[in-house]
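Presented below are the structures under discussion, each in the form of structure tokens.
Shared chain: chain A. Partners: chain B in the first complex, chain C in the second.
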Partner chain A sequence: EERRYRSASGAPIALRRRQHSASCRELAVRCPRLQLRSLSAATSAVWLAAYGLFVLSENSMVLSAAIFITLIGLIIYLHFVKIDQESLLVIGSLGIQVTSSYASGKESTTFIEMGRVKDVVINEAIHMQKVIYYLCILLQDPGDPQGVSEVVPLFQSSKPRLDCLIEVYKSCQEILEQRKTAPQSS
Partner chain B sequence: MVLKVFFPSCCSSAESGILIGRWISEQNSAVILAVVHFPFIPVQVKQYLSEVQRVTKVSVSVLGSWSNSKQEKEESLSEFLEDLGTIFSHEPWIQISKEGDSKFWSCSTLQKHSNSPKEEEIILVYYDQRKVMLSHLHPPSDTATSTDHQADDASELSAIFDTVAKSRILFMTDRYDDGPIKLTHWQSDGVEASIIVELMKQASVPACMLLTFLLSLISGVCRSRVLKFWPLSFLWSKLSTCEQLGHRLQHLQVISSNKKAENQTQLMRKANIFVSLLIDVALGILLMSWLYRKNRIGHLADTLIPVADHVAEELQDLLQWLMGAPAGLKMNRALDQVLGRFFLYHIHLWISYIHLMSPFIEMILWYVGLSACLGLTVALCILSDIIALLTFHIYCFYVYGARLYCLKIYGLSSLWRLFRGKKWNVLRQRVDSCSYDLDQLFIGTLLFTILLFLLPTTALYYLVFTLLRLLVVIVQGLIHLLVDLIDSLPLYSIILRLCRSYRLAAGVKFRVLEQQDGKPLRLLMQINPLSYGSVVQTYRLPTYSCYPKDSWASLCKKLFLGELIYPWKHKGDKQD
Partner chain C sequence: NSPAPLPERAIYGFALFLGSWFGFILYLIWAYVPETWLFSFGLTYWPQRYWAVALPAYLLVAIGIGYVLLFGINMMSTAPLNSTHTVTDNYAKKQQQKKFQEEAIPALRDIPISEVNRMFFLPEK
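For the complex of A and B:
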């Protein structure tokens, strides 16, 4: 099912939860889409500047260079910067998979095995001028059972607020608890 | 408890039989490698499996039964399959059955010795057997450091990759062989091989032996005593071409060695060196053909002398400017004239030598250009050496200017201490107070004043020549950076990542397939390839890289004090 929330900066985001089986859940957060007005504002600014330069220098290369730069910049932005959806797939006893899909369709995936996951927690952080909450996966330190070797932050580009994070946290913990209650067969 | 079954996607359409694979009890997962079809004799199957186990060191066993029925489920077949569980006792006995063309299979387990019959959830993970077999898993860096006490606590993924990779011998028999066992796996439609690869493997052995013989001859010649006498050995150590040639010789020795590469890293390194050498020589030959085509090298030689002349003339103009009133500063006339004339005489000598050499330049350049066929890196090193030779006079001037300036600074600092009544205590490495005689003080103060007022002139000469020298050093440094780049780039790994990205795996990714209630969870495991940045970082070839010896602070300090700077340090240089 899908519910609407707000991100830390106030933009609307949507959380979709799917339960594939008793020990497998998928949680996807959809980020705010690319706004048409910001895109047209950026393009017009670049082209106005290029036209101003053209009027000053009488060189038509400036205009074609501006078009080229706008196109290349847009492609780079869509392929490397703008994240469309961030999802978390928790498979009990296998691991946690974190996927970010970009606006151009590219997907970047990381899979963390359950043996390396210590816990999933909500942390606070200072971001720019605010304090925000973020969800993160704590990885086990192989040498020290009590220690944490790495912290993997989740949903970094959509930055959901605490209410959304609590839902995700509860879903994850239900599955993570299963591995503690079920004893390992030797 | 959750039971994970890793099923190869190539066996989805296999006929009924029993499943063989490896059972990993710590993670409660079963990796299925192949399906053995009916009819078979259980004793022979067990014999075959123990042989496979002995060769591959992977504990392969019969894990369960697989039934693929085109019609409705047959009761007798299912009873027969259950009875098989008693023959091949394995705990738990996995039964997978597929009806018709349905995507959703039913999977159940039989536990004979379990205490409480709890309902186990089963996860069915499909994997592409050929890709997983050929792939090499690159674990994240933090787990790689603690492998000594984690031998049996290996990550689940690496256990799976390991199992499939080591069971190559299992995939050598297919169902057309006349053995007692008929298997289905990814090669079951006939073993694949490539004629070109086999031919190259056969041809590579004598080629390697020939290459080793040639290389031993060459290295014997290089190590002979004749080349070790003092002037020659000094020359070889200064020329970067010789270092580059030695480096490439080493590479050739690595490739032509007869030992087979033990593990993945060595194999990749050999392949990278081979491809890098090939591309280098190809680019060098391209460059050479371009240079010699329209006698461009003749033109180059013709323009070399005028360029050297032009540089010398520019230097002369610069010195004339310094001897006048440069940038409006007032110089000490006498010292100015002395230094200026001294340097002008040097330039005059240099121009005469160049003109003496000019008839031979074209021939020398022509033969030296031929050595570009040894590789683009060698050609670039030769270019860098030519630049060094042509700007030798700038280097000389820099040394003269630096020494003079350094002497002046030391003199000034020591006399400044005398001026204040102190002395440098060499024994205790500190400044102590000291009482001087009157005549010592008088002469000291006089010398101090003289040196102080002559400082701007010397400092200006030093500044100008240091800047010129730094310019030449930067140009040479850029060329060496390019050479390093060509040397250390792992081209084979990058091409492999581009074309066969499954062979370099950073991890896996799971995709959830269509589900049906009551049936086990179906997942597809795909290989997540390594990013280009980590490919380059992992498989970089080591080079005799040159990198700045000093930090910015110490460089500035050395420049201020007038010490001679050699900013690029090569790995393997003895520290002074």
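For the complex of A and C:
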């Protein structure tokens, strides 16, 4: 099912939870789409600046360069920067898969096997003059089960607030608890 | 290393006070007194008058930049979101567990973040 929440900056986001089986869950956070008003504001700003330069320099190449820059910039933004949906797939005995899908359709995934996962926790840290809550996966060295070797932050561009994070945390913990009761298989 | 007043500190303070007044009067003389008067006293080897205005200007701009620089250094030394320093540090890793005594206040220690999370976000029914 899908529920609405807010991100740390106030934008509306949606969390979708799907249970594929008793030990497999998928949690997807969808970010707001690219707004028409921000796209037209950016385009008009660039084109007005280019027109001002054209009036000053009488060189018509400035106008075509501005159109070119706008198109290329939009494509680069949609393909490399604007994230549409971030999802977390937790499979009980296998591992955790983190997927980010961009607005142009590109998807980048990372898979972390369960042996390396120590825990999934909600951490709070200072980020750009604010203190934010963020969900992160604590990784452990296979040889040192007590220490934290790495921290992988999740949902970096949608930055959900604490209420959404608590839902995701509870879902993940239900699956992670099963590996303590289930016998360890190497 | 207490900040209490000591006789040596009183002497240092007074010497600094006299020294700073002497330096200030010397700076005023160098900046304002015409060159011919200074030459007639035999004191000819002074730095250029240009520096009497340049050095305070440099100092004020440096102080202004210092505010921005300090802000930037603070931002740079904040641990990024993916570093283990947000979760633990050297002292927490090496701490020793004290034995649990009945009816005594438990010893102060750094509680691991997994335990803190369970306590906060997984309410026991």
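Note that the second predicted complex is superposed on the first by the 183 of 186 C-alpha atoms of A that agree within 3 Å, B and C clash if a C-alpha of one lies under 4 Å from a C-alpha of the other, contacts with A are read in each partner's own complex, and residues count from 1 in each chain.
Everything that follows uses one rule, which is that a contact is a pair of C-beta atoms (placed from the backbone, for glycine too) under 8 Å apart; a residue touches a chain by one contact, two chains touch by 3 or more.
Bear in mind that the values here come from a model prediction, so they are computed numbers and not experimental data.
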{"item": "Three-chain arrangement built on chain A, chain B and chain C clash or fit", "value": "fit"}
{"item": "Touched partner set for A:A65, first chain B, second chain C, both or neither", "value": "neither"}
{"item": "Partner chain in contact with A:E113 - chain B first, chain C second, else both or neither", "value": "first"}
{"item": "Touching partner for A:S21 - first (chain B), second (chain C), both, neither", "value": "first"}
{"item": "Which of chain B and chain C A:V46 touches, first, second, both or neither", "value": "neither"}
{"item": "Touched partner set for A:I126, first chain B, second chain C, both or neither", "value": "second"}
{"item": "First (chain B), second (chain C), both or neither touched by A:V151", "value": "second"}
{"item": "Which superposed partner A:Y169 touches (first chain B, second chain C, both, neither)", "value": "second"}
{"item": "Angle at the Cα centre of chain A, taken between the Cα centres of chain B and chain C once the superposition is applied, in steps of 10 degrees", "value": "80"}
{"item": "Touching partner for A:L78 - first (chain B), second (chain C), both, neither", "value": "neither"}
{"item": "Which of chain B and chain C A:P142 touches, first, second, both or neither", "value": "first"}
{"item": "Gap in Å between nearest CA atoms once chain C and chain B share a frame through chain A", "value": "15"}
{"item": "Shared contact residues on chain A - chain B and chain C", "value": "149-150"}
{"item": "Chain C-touching residues of chain A, taken from the complex the two chains share", "value": "118-119, 121-123, 125-127, 134, 136, 138, 147-153, 156, 166, 169-170, 173"}
{"item": "Contacting residues of chain A [partner chain B, same complex]", "value": "20-24, 26, 89, 91-94, 97, 99, 109-111, 113, 115-116, 142-143, 149-150, 182-186"}
{"item": "Residue numbers on chain B that touch chain A, as the complex places them", "value": "1-2, 4, 25-28, 121, 123, 125, 142-143, 146, 150, 153, 155-157, 507-510, 512, 515, 520-521, 523, 528"}
{"item": "Of chain C, residues touching chain A in the complex", "value": "78-79, 81-84, 86-88, 93, 113-114, 117-118, 121-122"}
